[in-house]
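Dropping the structures in below, format is structure tokens.
Below are two complexes that have chain A in common, paired first with chain B and then with chain C.
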Partner chain A sequence: MEGFIEIRPRRRFFLRLYLHIMLRVLGRAIQAAARVDEDVKKEFNAMPENYTFSLGAFPAGPCMIIGKDTQGIVRYMGSDMEKQPVHLKITLKSVRHFFSLLTFTESTPVSNARNRMIVSGDVPYACAAVRIMDIVQVYLLPRWMAKMAIKRYPRWTFKRHTVDRAKVLIRTLLGF
Partner chain B sequence: MNTDNFTFLCRSRSLFGKNALEHLPFELSGMGARKVFVLRDNASESSDSIRHLRPAFADSGMTLGLCPPPDQNSGTGTDILKDCYRTFTGKGYDSIIALGTGPITDLAKALNLAVSLGPEVFKRGIQPQDQAKSLLPFAYLPTRGGSGRESSCRACCNAQIFELPALAPDIVLTDERLMAADTKENIICSAFSALSVCCETFVFADNPMAKAYASAGISLLMEHLFPLLETENEWNARPAAVGNKYRRNLACIAHASAISGFLLANSTSIISFHLGNFIAENADTSGLTAGSAAAIFLPRVLEQFAGNTPALAQLLLPLGGQDAFSAVPPVQQAAAAIHILQNILNRFYQISFGAVPRSLGDAGIDKSAVARLQEKIQQEDIWTETGISGAGRDKIAAVLLRS
Partner chain C sequence: MYIPDYYEFGCPVNIVAGHDSLEKTADILAVPGSSQPMLLTDKGVRQAGLADIVLDAVKDRLDIKCVEDGVPPDSDLKVVRQLAQLYNQKGCDSIIAVGGGSVLDTAKGINMLVSEKTDDLMQFTGAGALKRKLRPLIAVPTTAGTGSEVTIAAVIADHEKNRKMIFGSHFLLPDAALIDSRMTLTLPAHIRAATAMDAMAHAVEACVMLSKNPLSDAHAKEAIRRIMKHLLPLIAEPENKEGRLSLALAAALAGIAFSNSLVGMVHALGHSVGSVCHVPHGNCMAILLSYGLEYNFHKTEERIADILFSLAGPEIYAKTPKSQPAQKSIDCIRKLNRDLFQATKGLHATCLKDLKDREQHPMVPKEKLPEIAQTALGDGMVFYNPEDVDYEDWLMVLEAAWEGVPLDRTKVRKG
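Take a look at the complex of A and B:
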């Protein structure tokens, strides 16, 4: 057939690099927030021991895995889904949608409402994971940016906005 | 409403809205697709839709095979189909995307039949055992309004008509970025066809699911048709510059047209739609499209066949909105619904400076021509298909005379 073109759409290197960096920061921040923030602690306490969840993009996009061990310590477990069994998978339908989510052009509730996410695993824990990510985003991002990423900016105490935020940011940077 | 006994089958998953195109690789891979064969028409070229389709498949791990749009030099439909069949099977494709409307979707459906059931299906026709077979994944991505047949389970190939539930697209994806500038006549034809199908289904179908689809289609048309066409000052100006608002409104018309296709797949007795197609094919006038003809017949068909029934009164709700529905007393609601339909025609007649006819007379069909068409209609077998008996045919004669 004349004029027939076969194309294999390429992988977008810079977009994936951005997502890798963001997921690494987000993963370490969740680990830090689980040690500092009471609400995040409560959400993780409700999860069973050795429970892991992931956030990634379909089909082989970047992802992050967060897990809770037998002592109840929350850890960022990298991105290798083959090494680590995952109990709950939150998957965005495309890398582009994931990029929109992590560039905060589309908030988590909007992304969910537009049917961009699929969950395989327990829905209550998926809701808990989304709540945890919302809290962590408030810690990580300046107010104007966090407003785009979450549904409603929370009313926190002054200590939580300053001291706890500083603790989370330091722990995220140092990775403990 | 009879809710005791009804069947409604919509095989297509509808995806609509902002960045909906990026959902396509996920949906197709869920059906086992890895290599996608893309058939496209000239409208898709003008809307530059491939520029959006390629990034949507980035990082998906899927391969796209892009066919050139068929043109005058591509030979007959059979040649194109054979060419597509050879390429499809030779390169191991496993799914089809039809990017465009009208003939390109028929070609995609015919190709799907050929690769799934074998090319001999065109000689032997569809057999009863084929009804249970499934075809390859097929997605329809409109770039214009369309006729509604694209999303139905019917395909027309070289004057042969194939009807099979599996022929309906698995995915109907309407993304405003894919919309191409279209002529006003085409937009009106699409919208009026869809309006006829939706209104008739809403009034005559004893099927709550069909009514729900029809109501959604009517609401989409009523909300987006006038903003799409009234924004332009000059009726005879070239197609509007394709802005976001234009694309958004056109996408809604395309979506309503796809809904009318789902309804067509579930009902054969859409009188004004069939009558419109028949008149457009047989009348000696060039200015009358099937959609416009169907819209002319629609108020008369509703008057003749529905009278003053509650179903016709309820049509006022999707047509006029909640305010109009609650403002009109129940005994006047049927007449108000007919009045709105007639007003749509009158309004378009006015803004198009007479290009969109309000009646058969405006389209250049006089009483003697109507009598000739009436005779021809009685001889045709389209009424066997629509299930209209002798008494119904008399009413159709009255519809023709009053239109």
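Take a look at the complex of A and C:
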């Protein structure tokens, strides 16, 4: 096989690095919000014990897993899909689409409307997961950025915008 | 004019429409090599003699293994499982589904089970869970409404959990849709009205919601035009077979449109009213459609205005002042509902509190509204709705639709 050139998929190192970092931040922020925010708490309470969901890219792109452990405590569970069963998977069809989503150049609703996502699992919990991520994005992002990511910027109390946000950000940073 | 940066459109269903299209059934099944279908229908369709018309049309060329009319109006997981067992026992190799939305969706459910050789339907819920082609399925719609004959979706109830499961996959598309004017001759007036309003909701939501695209628009607008033209005359004169064929085609067009651009909050809420209070889907759509438009008005005014031409025709369109076409579109839909109420002698309800069951009991008691709102929070169709909808929003819309008063648009929360 003289002259055979093996074509390797480009690794797109920085793109993947960005996704890894963003997913870790998002995962830890969801864990934090589940401790601080009443609405997020309520959404998780409605999920069964040991329920897990993931956000990732097809086929084996970066991902993150969130779930309730046996005591019902919400935890960011890293990215190893083999380690635990994942009940609800939200998968972007390619790493590039995932990048658009997590750089907020394409909002979640638009990304979904353009058929970039595959949702497998219980639809009601998928709705809950999206609501949770919407709230967490409002905590994490400045207003103008969050507005690009979600449909409607919520009218929160002053405390939720300041004190609760500070709590979520600190917990996200420290990872507890 | 709105052109999205990216969109997808497809309709691989072979559509055969006419006054004698059923005679093509055997030819269509011969392509994948099937000749031993199960004929699936419901009691009403069978009593109306429609199953016999189909049997007559195919009996010389197909070996019908079983005729099963046990699909209830609100079919669920259990029924699907039982019928799938029957399919296997009788050695069928395909399905001819003759009926309305419930029969067609049940057939899709059965087809998932028998093709994947399992009895657990839940693993296929959501979007895109199926991975390969299913066995042959032919859809023969007997209502002009659901468009299930051309859609990638199937909605099957889970009565234990009081919830409607939604399945979405390109593999759920039937191999062929046979649209035959004989199938809608005996449809009772109020069912014709309600199912046509379901088609209307598909077309209008396809034009307004997030996944709208130019190709689905073209189908949807033609569907709207045909429904406006033929529905009311057909209620008075169902013998008009051109009208019937045209309306059945409108349902298919609307089905193609919404299969490619999906629907939004009207369907999310309609599914919830349906599963909590067991209201037929078409009735929910007729009542809720105008409210979905009002709720999304601030984000979609231009899109709502854009369908006025199809809804009202050129004269009214030309006469409508430039500032009001969107409101006029909503008014047109409400007027059509009122006209249908008249034409069906009050059987076509225009608000939730007027919905009555056979014993004349109200179907949607006001105490149920919170439960409906809660259920709607778990419906995936809201992903495609332009504006976000939370529990209070659902309740606000429900209360207005219950009373039958227009939504106070100033109360809709905008980001």
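By definition in this document, the second predicted complex is superposed on the first by the 168 of 176 C-alpha atoms of A that agree within 3 Å, B and C clash if a C-alpha of one lies under 4 Å from a C-alpha of the other, contacts with A are read in each partner's own complex, and residues count from 1 in each chain.
Basically, a contact is a pair of C-beta atoms (placed from the backbone, for glycine too) under 8 Å apart; a residue touches a chain by one contact, two chains touch by 3 or more.
Note that the structure is a prediction, hence the values are computed from the model and not measured.
Novice: With the two complexes superposed on chain A, say which partner A:N115 touches: chain B (first), chain C (second), both, or neither.
Specialist: In the superposition, A:N115 touches chain B and chain C alike.
Novice: By the touch definition at the top of the document, which applies to A:R96: first (chain B), second (chain C), both, or neither?
Specialist: first
Novice: Once chain A of both complexes is superposed, is A:I5 in touch with chain B (first), chain C (second), both, or neither?
Specialist: first
Novice: So, A:R16: does it touch chain B (first), chain C (second), both, or neither?
Specialist: Touch partner of A:R16: chain B, not chain C.
Novice: Once chain A of both complexes is superposed, is A:K147 in touch with chain B (first), chain C (second), both, or neither?
Specialist: A:K147 sits against chain C, while chain B stays out of touch.
Novice: Which partner chains sit in contact with A:V130 here, chain B, chain C, both or neither? Use first/second/both/neither.
Specialist: Touch partner of A:V130: chain C, not chain B.
Novice: Touching A:K83, do we find chain B (first), chain C (second), both, or neither?
Specialist: In the superposition, A:K83 touches no partner, neither chain B nor chain C.
Novice: Is A:K159 touching the first partner chain B, the second partner chain C, both, or neither of them?
Specialist: A:K159 sits against neither chain B nor chain C.
Novice: Applying the document's definition of touch, where does A:A60 land relative to chain B and chain C: first, second, both, or neither?
Specialist: first
Novice: Chain A residues touched by both chain B and chain C?
Specialist: 114-115
Novice: In their shared complex, at which residues does chain A touch chain C?
Specialist: These residues of chain A touch chain C: 109-110, 112-115, 117-128, 130, 134, 147, 150-155.
Novice: Give every residue of chain A touching chain B within the complex, in rising order.
Specialist: 1-12, 16, 57-61, 93-97, 100, 114-116
Novice: Hey, which residues of chain C end up touching chain A in the complex?
Specialist: 4-8, 125-129, 163, 165-166, 209-211, 262, 377-380, 382-384, 386-388, 413-415
Novice: Of all residues in chain B, which touch chain A in the complex?
Specialist: Per the touch definition, chain B meets chain A at residues 17-19, 22-23, 25-26, 29, 54-68, 83-84, 86-87, 91.
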